[in-house]
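Chain naming follows the written order as A, B, C and D, and within any one chain the residues start at number 1.
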Amino acid sequence: MATEAQTRSYTPAELMVAAAAREIGDGEVVFVGMRLPLLGFQLAKRTHAPGAIGIYELGIIRSTPAPEPILTMGDLPNLCRAQWLADTLDVMSLLQRGDIHVSFIGGAQVDRFGNLNTSYIGGMAPGRIETRLPGSGGACDLASLAGRHIIIMPHEKRRFVPRVDYITSPGYGDGAGWRQRAGLTGGGPAAVITTLGVLRFDPDTGEMMLASVHPGVTVEQILAATGWPLRVAPQVTQTPEPTAEALAILRHFDPQGFWTGS
Amino acid sequence: MTPSSKLTSLHEAIARGVADGSTIVLGAGLEACIPFAAGHEIMRQRKRGLTLVGPISDILFDQLIGAGCVRAVRAAWVGNVITGSGYNFRRAVESGRIAVEDHSNLTLALALRAGAMGVPFLPTRTALGSDLFASNAHLKSITCPFTAERLTAVAAIVPDVAILHVQRADAAGHAHLWGNFGVTREAGLASQHVIVCAEEIVAAEVIARDPNRVVLPGFRVNAVVHAPWGAHPSPMPGHYNRDHELFLSYQRESQTPEGFAAWQARWVDAVQTSADYLALLGAERAARLALAHHDYSEAVDYGY
Amino acid sequence: MTPSSKLTSLHEAIARGVADGSTIVLGAGLEACIPFAAGHEIMRQRKRGLTLVGPISDILFDQLIGAGCVRAVRAAWVGNVITGSGYNFRRAVESGRIAVEDHSNLTLALALRAGAMGVPFLPTRTALGSDLFASNAHLKSITCPFTAERLTAVAAIVPDVAILHVQRADAAGHAHLWGNFGVTREAGLASQHVIVCAEEIVAAEVIARDPNRVVLPGFRVNAVVHAPWGAHPSPMPGHYNRDHELFLSYQRESQTPEGFAAWQARWVDAVQTSADYLALLGAERAARLALAHHDYSEAVDYGY
Amino acid sequence: MATEAQTRSYTPAELMVAAAAREIGDGEVVFVGMRLPLLGFQLAKRTHAPGAIGIYELGIIRSTPAPEPILTMGDLPNLCRAQWLADTLDVMSLLQRGDIHVSFIGGAQVDRFGNLNTSYIGGMAPGRIETRLPGSGGACDLASLAGRHIIIMPHEKRRFVPRVDYITSPGYGDGAGWRQRAGLTGGGPAAVITTLGVLRFDPDTGEMMLASVHPGVTVEQILAATGWPLRVAPQVTQTPEPTAEALAILRHFDPQGFWTGS
């Protein structure tokens, strides 16, 4: 698969960013995360969603592209002529109030109901911690409160587990109705964009389902890289390849391939 | 009528303001304005048993942990913003050397805001159903007295000390900050003792001509330190860009305890003053980080 | 990429934005930046059944009550800041024509902040033991889940409409405000529909060159109105001083319903545009109120 | 008494302002109210308390005098070169956090335990409202939360009542211990400065006591103007007259006698 991708004119990360960008509707208010979503948002703005508005947890709102490529959301070009510079609590309040349509988060572990772990592999009890991960940052807030959220992560069996060791960012808990019972007002995960495909959630059960496979990837590969018997949507499609226009834009924003290099 | 000067050296400010065992909020700007110079002074003074509070703080928390200053962390995320994990943090948590109270950015912002407001808790809709409740005793589930909705109560944090890095301050502690604020305002207003580090010390009238840009009341500031380049390698609006290369090299060099010790010897222990630090950084690198494009605010009139 | 213009006339903004029976926050600056022009347009359009929200609002609430627009008031104080009672308010409450929900400045600020934050209540230590609990069903006594202290819970207010008067805005709704803010930020962020009245309409780049001074996100603003002198007789930093004489003459002229009717006929109903209003005010009086001393902010650099 | 005062070189209001100013210690953080306290604070700053810091509920902090006389705290000279311009909630948060040493409020009715009514004369029930007053503004907050507060009001029997019709701003409730039971963190009223004298509170009972009489006023006059059997402190003194320096300063700040005219 790696070999196959290398013969293509784009990297796997570029494909994922292009897929992320397509999740953004024109005019939507987007809580932009770090890394690939940062690029996905820039791409969406330059193509099908020029009216999208970007919100960053540092306390930034931008409806125009940054004047120069940025590596993190805190880079100074992202502040220059922003539409609002304020407190983290100000932008989190917009989120909590229901003003954010879509957000993006990454994770180290995800389970069949879209719960994410970015805190503890093994468990949180002393002696059980195998790996301490960086933690929530704003991810728990986005997963709790955004209209919908998109998860982006590598597709590996050790990461796609039946049940996460720790819920940092809630998905659908143990199934449909769980979020409502918990009191969460955000809509929950809408898609998982991985290195192999795109997965969505069954509205009736809250369970993840394979929706599209990336070019050159088979359904069987994805099933083998998933730690539970993954359901496959009746009509699995192929994830669209990034267009030449999209690639040109991505390479403008990530000229050294820091985020999207092979 | 002129308030007495609170200007002091960085050494003095840390020696007097930061006691072993205290709770200290720093890096409240999340990615920007992180008081690295002050953090390094804490490392040099071999402070011990600190509890660090901050949502993200990029690699500063990892450094303080690696230097052995830290007993506990109350944070949303600890690592290296552009590379991921912080190795000192991982090692310390996995070996049980430090305790962690897990927050989200919103719960941490609210904990400090509660401290700033003088209330013992604030309610939120975030984190419900998450395991943050399992690794943070300062989150509790409550019921709204009006709507009967389920909510998360976040207990107030009142740090002993806040260290804030700003663009300019006067000697009495009135400070201008611009750019995105993160939780800087909450951090300063919640804390018992406030140390302001500033790129520039300016005349009182420069600050007073724009009172809307003042971060917190001057009477709540205890020490003012002139610390040019004191937020490097984090970005400082109006002064310098983020030094991505340092974050990348830190990631490589801190992978082992020995590697981190060598890093600390070079970047922290061998440095005494901001002049030392700038010499280490090198003029060429500093010039590369300096602003290449300027964009000035339009004036406003506070006349009468 | 340019957002479409939200510029509209004051008449249109009120006709479309303020429905009979709606809950509307205005005068959020407490003493300054009170949107008198917009309030007078509401009176001219004979809006009915409004619920007014605001901590103080100087004499604007009294005028709207006198004009018969108001069904209820949720406020901390209604009157005339430099003289005391507002006669229309007194008459309306004493005769039972309007309902009052009694707040303090802090509980009202918290109610709007709760609305802005998207939580159903916020806790505070104020008003415990007071009779505000008797005349405000949106205050309840609660116990802190962490400390067991007794606290006041203040229910959120989410107004249908906020009207904010600012110094300058662009056509897309990005607005600069300076001076003291009162509860302006909370009012705008809490409300479903936001009307911005501005002394000046400026190019987008004037606003964008200082994003820290922007009051609230442009996407939350629904209408932008050019309303020079629109906050008169309240003070407008950068533009004009408070017209004390008008507050004194209003006090005299509103002592009887007939007196108020005559006042309204002259200062509200006979006015259609800001040019009419300025003509009524007179050039000499306007010149006397204009700033005699200017004091400009120091620039800051948002470059990179 | 009016006649007597007119033969003096100061007005009754000037005497009250001078008394209010003496309640402010140097270096204290003062939540400044409207009307007479606004002048009292300016006077204290210019005399014995140059280090006092003024906080105004509109969202203003000043440690320097305004460059021109002001009639209300929102007048633009009070903003120019202020030390902080912010939100009402910001300054109220300082108050709630315990940062304010002393504050000043006025009232229409006060009772023997220093409870203040600025809301309803007669009662708040429909049909019982005799007079609707403007309401709390920030007064309830200052009475609840400031380190101590000073009440300033005219001394008349209809205003000094055994029990206020409505507690807008809590004093000592029904006596000592009431504030603690209610959960109030502020210290409570420290003094009542009236047109006739100055009253303070018995720390053991929370009850108001006559502490000093203004020049030309008798204890009997004050007892007659108070609606309950007022306790008199063992050593009642005479309220000091304003000094010539104080009068000069007051007349600078209130040149037309708007607040302090006879």
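Operating definition for what follows: a residue touches a chain if its C-beta (ideal position, glycine included) is under 8 Å from a C-beta of that chain, and two chains touch if they have at least 3 such contacts.
Predicted model only: the values in this text are computed from it and were never measured.
Trainee: Looking at the contacts, which chains touch chain A and chain C alike?
Mentor: Of all the chains present, those in contact with both chain A and chain C are B.
Trainee: Taking each chain's centre as the mean of its Cα atoms, which chain lies farthest from chain A?
Mentor: Relative to chain A, the chain whose C-alpha centre sits farthest away is D.
Trainee: With chain centres taken as the means of their Cα atoms, state the distance from chain C to chain D in Å.
Mentor: The mean C-alpha positions of chain C and chain D differ by 28 Å.
Trainee: If you average the Cα atoms of chain B and of chain C to get two centres, how far apart are those centres in Å?
Mentor: So the centre of chain B lies 36 Å away from the centre of chain C.
Trainee: For chain A versus chain D, what separation do you get between their C-alpha means, in angstrom?
Mentor: It comes to 58 Å between the two C-alpha centres.
Trainee: Do you know which chain C residues sit against two or more other chains?
Mentor: Residues 117-119, 124-125, 149, 151, 178-179, 209, 212, 237, 241, 291, 293, 295, 302-304 of chain C touch two or more partner chains.
Trainee: For chain D, which residues are shared contacts with two or more other chains?
Mentor: 67, 75-76, 79-82, 85-86, 89, 95-96, 145, 185
Trainee: Looking at the whole structure, which two-chain pairs count as touching?
Mentor: A-B, A-C, B-C, B-D, C-D
Trainee: For chain A, which residues are in contact with chain B within the complex?
Mentor: 34, 56-60, 67, 71-76, 79-82, 85-89, 92, 95-96, 119-120, 124, 126-127, 129-141, 144-145, 166-170, 173, 178-179, 182-185, 258
Trainee: Which bits of chain C are touching chain A when the two form their complex?
Mentor: The touching residues are 1, 3, 116-119, 174, 189, 205, 208-209, 211-212, 214, 216-220, 302-304.
Trainee: What residues on chain C touch chain D, complex-wise?
Mentor: Checking each residue of chain C against chain D gives 29-32, 55-56, 75-79, 81-82, 84-86, 89-90, 93-94, 96, 100, 102-106, 109-110, 113, 124-132, 134-135, 149-151, 178-186, 234-235, 237, 241-242, 244, 291, 293, 295.
Trainee: Taking the touch rule as given, give the residues of chain D at its contact with chain B in the complex, in rising order.
Mentor: Where chain D meets chain B, its residues are 29, 50-51, 53, 61, 63-64, 67-68, 75-77, 79-86, 89-90, 93-99, 145, 185.
Trainee: Given the complex with chain C, which residues does chain B contribute to the contact?
Mentor: So the residues of chain B touching chain C come out as 117-125, 138, 140, 142, 144-147, 149, 151, 153, 155, 167, 176, 178-179, 206, 209-210, 212-213, 237-238, 241, 291-304.
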